[in-house]
Amino acid sequence: MSLLREEIVEELVKICGQDAVVTDTEVLQESSYDRFRKYEGYHKVFTNPLPAAVVFVKDKKEVSEILRFANANGINVVPRTGHSATEGGLETIIENSIVLDGSQMKKIIHVDTYNMQVTCECGVVLEDLENHVRELGLTTGHSPQSKPIAQMGGLVATRSIGQFSTLYGGIEDMLAGVEAVFADGTITNIKAVPRRAAGPDIRHVVLGNEGALCFITEVTVKLYKYFPEYHVCMGYVLDDMITGIRIMHDVMTEGYKPSVARLYDAEDGKEHFSHFAPGKCVILFVTEGPERISKANAEGIKEIVAKYEECEQVDSKLIETWFANLNWDAARIEEERKEVLQTKNVCCTTEISASWSAVEDIYKICKERIINEIPDITVFGAHASHCYSNGINLYFVYWYNVVDCKPEEEIQKYHLPIKKIICEETIKAGGSMCHHHGVGKHRVHWIDKEHGSALYIVKKLKAAFDPNGIMNAGTILPYKK
Amino acid sequence: MKLLVCFKIVADLDQLTPKDYVVEEKINIDTSFVKTTINCFDESGLEFGLRLSDEAEGLNLHIEKSALTIGNSQTELYLKSLNALCYDHTIRIDSGDYDIRFKPDAVGKAIVDYAEKNQQDLIIMGRQSSEGNNFSTPQVVAEQLGTGFIPNVVDIHMMDEHRLKITTDNNGNIYEQTVKTPVVVSVGNAVISKLRVPTLRDRMKYGSKEIEQFPLRLEDKSLAGKVRSLEYVDKSRSGQVIEQKGSEAVHVLYEDYLKRRLDNI
Amino acid sequence: MKVLLVIQLQEASGLAEKINQYDEILSWFPSGYGVDCFVCSQADISKKELEEAFENTVYYFRPGVLDIRENLQGIAHRAIEDGYGGIICIEDGCSNELAVLLAQQLKWSYLTNVEEIQLEEQHLLCSKLVYNNNVKAKVVLPLEKFVISMAKQKGNQNRVPLRRALKVKVEKPEITASHIESSCLVCEKSRKNHSHVLIAVGRGMKSKADVCKIREYALKKGYMFGVTRPVAMNGWAGIDEIIGVSGSTYGPKICVTVGVSGSAAFYAGIEQSEYIVSINADKHAPIIAMSDVSVIDDYENIVEDLWKYI
């Protein structure tokens, strides 16, 4: 028989103390969803069941005790740090869940400037960590748009990626070691080593688990020397997105390594570059690192772009200024809230990845279908922001007016149908429906098609590490009562 | 009823850093490398225009609404968007190379020229904009047209063909007034601040609709003060740190930094 | 040369603040200038109060309807009839609007939001803030036939005692508004608890109890109190106590931040403070550079002693 809310709260207070356990209604409401349901949330409509409590843990021991308690009593636990998730991963879909919040675990434990790595607790804000190591002339190389608010635990849990990934890689390339607590309370510490072949790479059980397998308490990430004085910024205006994709292909396959390689189509670009490229695509590159490497990469890229006559170079100051204002902080989210409430115009995104040969068709088909099939679209565009030798991502950005529709109906009328088209077309073309935001709770509908026969591995992991199904139910795999 | 909303496209000054404030020749500060946006008070005005039109429809009345801006070709993108939002007329007065930042008389005169040729019952514009902070154009227009003028408007509703219900902020006190047209209103911190968004289909449908061009008549005589110089104001604080810790730090903080200030309160 | 200072009042209690601003402006003009006042007041002010507030001549006008043109006509008429060379409008909700309308009607030069006026030999040199208050503009106006509206001034706090106006003349309204049919007050200005000191706490606080203690202290002293958003989301404070873009903004004389890191979203709520003091254990916290003075120490070592002083 399941415990009552009061009984859950009582036990949490015993483990963590009164101050750490929050049961205020407003906080519980805000903790029942994430940015996927922002339209509802901005309207103060809360469709998910309220959690029993939000508990702010101080250390791994508390995490272990709470998980053991939850596991023994079949209580759903939603791990959380920065609260910046976008795919529903933080939704509390079961009544009386526990939101296990690690944001108070915010110590930077050790910066090792010789071995080039830093260890910190899960609640350290990425921007704080980055500012800290920048004082030492170093960088984590990780810069997602959520940098001012996202925290290290969540960034590892979602397999996040940042703006400089083409040089530094995604979080999977940066993570050296990690400590996590599993559903039965077992605390595991995967040590930080340069590389090893001691069985499968178990970091990847933790990386990207989205709280469905464990709670991350501590991370060790690599550090790199930071050379801001050798950054080279290049921006070009061109007419055609497909040409832009081909330029990116050439840059990557020729072996150049910019830190930033981004391509915007005219629609998505409208929101960013209309002051110098109205109705045009924009492609931009940044190279960095030691002087000779940065310059050599920049020269190589310029040579490749020069072969495409339609590309017109723009003043790098335009790109630098744009870049400096790209990230999202709490102020920007508040501005969005006000704008959405007044205009009923919402912006959502779906990011995918595909091989070079598939991505052009995916772009064209998704654009055509969504413009024709979905009502009230105000903007539909895309940018490519992460490049690999064997392919690229596409970040679809779409805005729509919410017309004749209650807040709680918005995702059914607009967001999910759009996502369906993008995910299905991408999977059909052999790509992945989730490049870096995670599956959350709203791409689970296509997880079987996403993994195909390999779904077996994902299911077995879940069965092994969370046999009672208490870890973030409904995330990655659909929830079955 | 004929309604004219005047708006200005401005650089998003929040994107500038202190080192970007370089005063060049002719007291110019280059802001060409940052995004542009509709001046926030004017944006309220544009949305009021659409809302009044919706209200008029409900009263079986018709509003012929126009949106006018003075600026360069960068403003065309915004005018196209207003076409897609079904403004009946979108007008651009090309400022060319003429520096209108501190010239509310010239701007006002241009609007008056247009309004004299195209009689309006209601003219709406924002109180001020970020660059020049002139706070003058609506008054110039009202005085030169000889119409009524309502300052610092926060809300407007249709009553009938010739009357509006206008809410105005008078130093924190909110008044509701019944106002007869013709009238010029200047918009302050209004109840609505964001302009609705046209659909992609409407943008495609109305994309090629004409943007009217209207000439700018330059006049030498201006009553506005003449700007002699511009200088960046460094607003950063001293960031002073007291060396001591604990009680000693508190003592230093009070004696050296706070005492005088607290005594003056 | 005579200058006419225009003062608009909504309530009698606002007179003291206007007097401070009047004193400051007076100090800019040498004794050769005659500075008179035109007081437009919606509230009743006694002759005695006006005599003690201002020097020289005071014109006192009670407008009938809330219509800016009613004030305008009276002032313009007085300016021409009595040969004033310049008009200065002290800051008020619509002083900029009034000044420009006056200038347009009189065909005089004008400038709004002026911070300071310097009398030079050939002209007035005025300064005002432009570009979102990031740039100071120096603007030239002629020595005669000008209308200026002032930005909000701190005012001269050191009142010159024993002032006595020579003449107080009551002005009658000249026109009735033709385009305003009716006007009614629907909401009066709110009188929030206002203190010159604000105490703000942030996510550096270690417990709800600590937040409560500081709140209690602030309320006891009649200070304003607020928190950063994370503190409210922790359940340690109410949502209505949030300072910043998603909450309230303040402009106290002194703001003390305790355990606040200094995000832009929060700072927008206190940036108008005259003086910012920060207590933070982290010397790299952004708030340190954005404060006037800071103590780098755990707040537990500081606050108990600090409350003995402030």
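Chains: A, B and C, in written order; residue numbering restarts at 1 for each.
Heads up, the rule we're going with is that a residue touches a chain if its C-beta (ideal position, glycine included) is under 8 Å from a C-beta of that chain, and two chains touch if they have at least 3 such contacts.
Being a predicted model, the structure only gives us computed values, none of them experimental.
Averaging C-alpha coordinates per chain and comparing to chain A, the farthest chain turns out to be C. Central chain (C-alpha centroid nearest the global protein C-alpha centroid): B. Across the structure, the highest number of inter-chain C-beta contacts is found for B-C. Averaging Cα coordinates per chain places chain A and chain B 37 Å apart.
Inter-chain spacing, taken between the CA centroids of chain B and chain C, is 22 Å. One simple way to say how far apart two chains are is to compare their mean CA positions; for chain A and chain C this gives 45 Å. Within chain B, contacts with two or more other chains are made by residues 14. Those residues of chain B whose C-beta lies close enough to touch chain A in the complex are 14-15, 17, 20, 32-36, 74, 76-77, 192-201, 203. Against chain B, the residues of chain C that register as touching in their complex are 8, 10, 66, 68-69, 92-94, 96-97, 100-101, 103-105, 107-113, 125-126, 128-141, 149, 157, 177-190, 196-197, 253-254, 274-277, 283, 288-297, 301-302, 305-306, 309-310.
Put simply, chain C touches chain A in their complex at residues 207-209, 229-230, 233-236, 239, 244-246, 261, 263-265, 268, 284. Interface residues of chain A, counted against chain B in their complex, comprise 270, 272, 274-276, 278, 315, 317-318, 321-322, 324-325, 338-339, 342-345, 371, 376-380, 399, 401. Interface residues of chain B, counted against chain C in their complex, comprise 13-14, 16, 21, 23, 29, 102, 104, 127-128, 130-136, 138-140, 142-144, 147-152, 163, 167-183, 186, 223-233, 235-242, 244-247, 249-251, 253-254, 257-258, 261-262, 264-265.
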